[in-house]
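As written, the chain order gives the labels A, B, C and D, with residue 1 at the start of each chain.
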Amino acid sequence: MIEEISVRYLDTSAEKKPVDPILIEGLPGIGQVGKLVAEYMIHMLGAEKIGEIHSIYFPPQVILEENGMARLARNELYCYRSLGKDLVFLVGDHQSTSNEGHYLLADQYCSVAEELKVKRIYTLGGFGVGHLVNDPRVLGAVNRVELLPELKAAGVTFNREEPGGGIIGAAGLMLGLAAQRGIDAVCLMGETSGYLVDPMSAANVLTILSKLIDVPVDPTKLNDRASEMEKFIEKFVEGNRLQKDEELSYIG
Amino acid sequence: MIEEISVRYLDTSAEKKPVDPILIEGLPGIGQVGKLVAEYMIHMLGAEKIGEIHSIYFPPQVILEENGMARLARNELYCYRSLGKDLVFLVGDHQSTSNEGHYLLADQYCSVAEELKVKRIYTLGGFGVGHLVNDPRVLGAVNRVELLPELKAAGVTFNREEPGGGIIGAAGLMLGLAAQRGIDAVCLMGETSGYLVDPMSAANVLTILSKLIDVPVDPTKLNDRASEMEKFIEKFVEGNRLQKDEELSYIG
Amino acid sequence: MIEEISVRYLDTSAEKKPVDPILIEGLPGIGQVGKLVAEYMIHMLGAEKIGEIHSIYFPPQVILEENGMARLARNELYCYRSLGKDLVFLVGDHQSTSNEGHYLLADQYCSVAEELKVKRIYTLGGFGVGHLVNDPRVLGAVNRVELLPELKAAGVTFNREEPGGGIIGAAGLMLGLAAQRGIDAVCLMGETSGYLVDPMSAANVLTILSKLIDVPVDPTKLNDRASEMEKFIEKFVEGNRLQKDEELSYIG
Amino acid sequence: MIEEISVRYLDTSAEKKPVDPILIEGLPGIGQVGKLVAEYMIHMLGAEKIGEIHSIYFPPQVILEENGMARLARNELYCYRSLGKDLVFLVGDHQSTSNEGHYLLADQYCSVAEELKVKRIYTLGGFGVGHLVNDPRVLGAVNRVELLPELKAAGVTFNREEPGGGIIGAAGLMLGLAAQRGIDAVCLMGETSGYLVDPMSAANVLTILSKLIDVPVDPTKLNDRASEMEKFIEKFVEGNRLQKDEELSYIG
């Protein structure tokens, strides 16, 4: 019988076991801000994969990879080791498709954090404002009030008015559920329109996170993606136009 | 593994343990009538928090508080002690997001009532009529027919035609489920348009409830909230307008 | 902890225990045809209530009765005793709100049938054709091919084309699930527009069912309901118009 | 208590037990391509039924057969025996109605494959492109990279761009879940508009599958179905028109 949620560590992960690490969650969400930051850090720091999470709460589909391989939708754990500054990353294809699944997955992520003796969790996300933003701020939330001064000093904005209703999904729930386990957790949200993948917002989140964890990561290439994206959008629009022309000629 | 529903009592709650209390449920619902009444009573009577309820059936999000703190969506239990007239309040951010969850939560609320040796439950709600009402009535329902005379004497209207299909959510289910446990339960519904938070309707419910439980609570400040709310709506409308202007100037 | 589905027999039901009965299911459905037939038979035969079924798969609400009493949404079991022709009726407020719940409830109904040593199940429903029908036929389905001749002889129409995709809900599932338990089951569907409660279609189903079970039930009063309904619809339309006028005068 | 998923083998199936078979999945999906191929092969090869799968995750309804019999929605297992080339087919009425059910069913199908010592799984589906296709290609996906050369040699197209987001339902999930059990699995998808049942696309999938498993099946009659379908569509359109006329004359 399939498990509702399964966490598997790679055989090689024992050697790479992190010591008192910080956990950085960057699952898909508004503007893909969290995903961009976490995946970029994994790439730039050369973090290595240590585990995989599968769940019946993910969408019921396989993902096609470039080489023709299909694999289950999944979340992944990556590890970066650096004396006294070990990092574990939680990234992946999807979050839960059901409300209850969101709770069960977020609780499992906190179990992983507890097993790995994580000393602090950073969850990353976007904060959609519904219009384009010139200089996106980084908004924050914490699960213990004593964490605030350090974050304000690092340039995080705290404004109760803004994330009005709350923070949805893993980025939010992990704060609440980690508190029940006595693990400190901070959510960093990059201000974003919410309409597009937003590397500019991600770069600002990265800059502050990098300062907070004292692990330098050059945001330049993330900024570069912003112009790449503009080109992609142009190509996409043009592609749609060409396809329409083709269909018309087919029918005609 | 996370519990589907968890009830936790605060450490200090032992001293405040109520004696043969009345349970007043005021969770979110139509016109927020029940929520307004119960939270206003907690405030005016200085009731103290004795417990928290969390559940995977609540929306999968954390609530942001003014100080930058994020906390899980929750329900809360408050206690007011007064010789022979102890009250327990059940209030909170949300009800269930699923049909089955509504039953499981309402049953858990009745378990709490049984544990606390509650002698009667009052569930509070709004009865939406779809148009503005000048002098909102208080409609009622009971789970034991012998309760009717006392309620009619207090000014509660019983009219089968009106809450046509039934009473949805905790305010209704607790009547049915409490009956199975032998606990008397009454639902008081303030007539309301259903479009807006309705403090006027809440004030009428409060007046009758206060009489029924013989605990005086001055409804004046609840009436005051009506004018506050009008101001809030004005501000909200104006804020939207300003934001639109800003966006226009940004694009232009 | 609340049961997902609970079946409770009344204390008095032991004396009324049916002997080798026929089970007649008439839960809500298309045109309320099945419900009308079963509830009319209960009324005309003076069948007595022997049990209640509650479930978290029913809508999360209580039903308001004329006397101000609220009760859980439920299904009911009624029993009619007549030497060699005992009947058990399954009627109620609602069917399941979820797909899985439909299976779990229908299976529970079949468990009840097995416990009561039911020798045959008749499930009743409407077959919606999307337009008004002058002389509604009674369509049928069986769970054992040997049952066909008897039904055809009684005037039931079998036409594969017609209930195209299948029969949804308890009326259908009980046929499939009863077969697995070795209990014969027949579905009788009254042709109906599907837009309105349809007593004319119900009268035709009743006439055939009455013949099949050899228990005479006069359909006259069911036919009378057809004209009552026309009056009700007229009143309803007029009522809506009056309410609109009232609202206009309120605003004006 | 009903099982969430039940697999029953027919009594006669012991004699027909396949030896190291290949499993071919053709459940309903886009353009019914997989269903058409698998059911056509069962018909042409004279494969015999060996088992049935029922589940509460299928739609809550019974299917009406031509003879007035109603049966539960189900999946079926068929077996074709031929020395060294035994085949097992998985076909049926429906896939899951819920996301979680898709995972639980696909995992159960893989359990069946493991029990029957299946050496390879072929899942069949359609790949909807949103416009009519003149010469539909057969696209592929694998769950082990070493399977690619054989498939490319047989004419399967691998193009990462095309099944963009992934493969939904059993055809996809079985690849991912079979990999966890060490069973090779291949998905063959016929390019199709996605709007209609597509026998032309099915014929192309059949041709390639037949080559891969080295079991010749003449696709001619599948091609014939293309013209039958055109006639069916004409009749269907005409039927609707006639019905409309009838309704008009009824009202008029």
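One rule holds for everything that comes next: contacts are C-beta pairs under 8 Å (C-beta built on N, C-alpha and C of every residue); 3 or more make two chains touch, one makes a residue touch a chain.
None of the values given here were measured: they were computed from a predicted structure.
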C-alpha-based rotation, chain A on chain B, 0 to 180 degrees, nearest 5: 90
Proportion of interface numbers common to chain B and chain C (over half same, under half different): different
Rounded Å distance, chain A centre to chain D centre (Cα mean): 37
Chain A-chain C separation of Cα centroids, rounded to whole Å: 52
Residue list for chain A, restricted to those that touch at least two other chains: none
Pairs of chains satisfying the touch condition: A-B, A-D, B-C, C-D
Chain C-touching residues of chain B, taken from the complex the two chains share: 96, 99-100, 102-104, 106-107, 131-132, 134, 140-145, 148, 151, 158, 160, 163-169, 172-173, 175-177, 179, 187
Partner chain D, residues of chain A touching it in the complex: 1-2, 56-57, 59-73, 97-98, 101, 247, 250
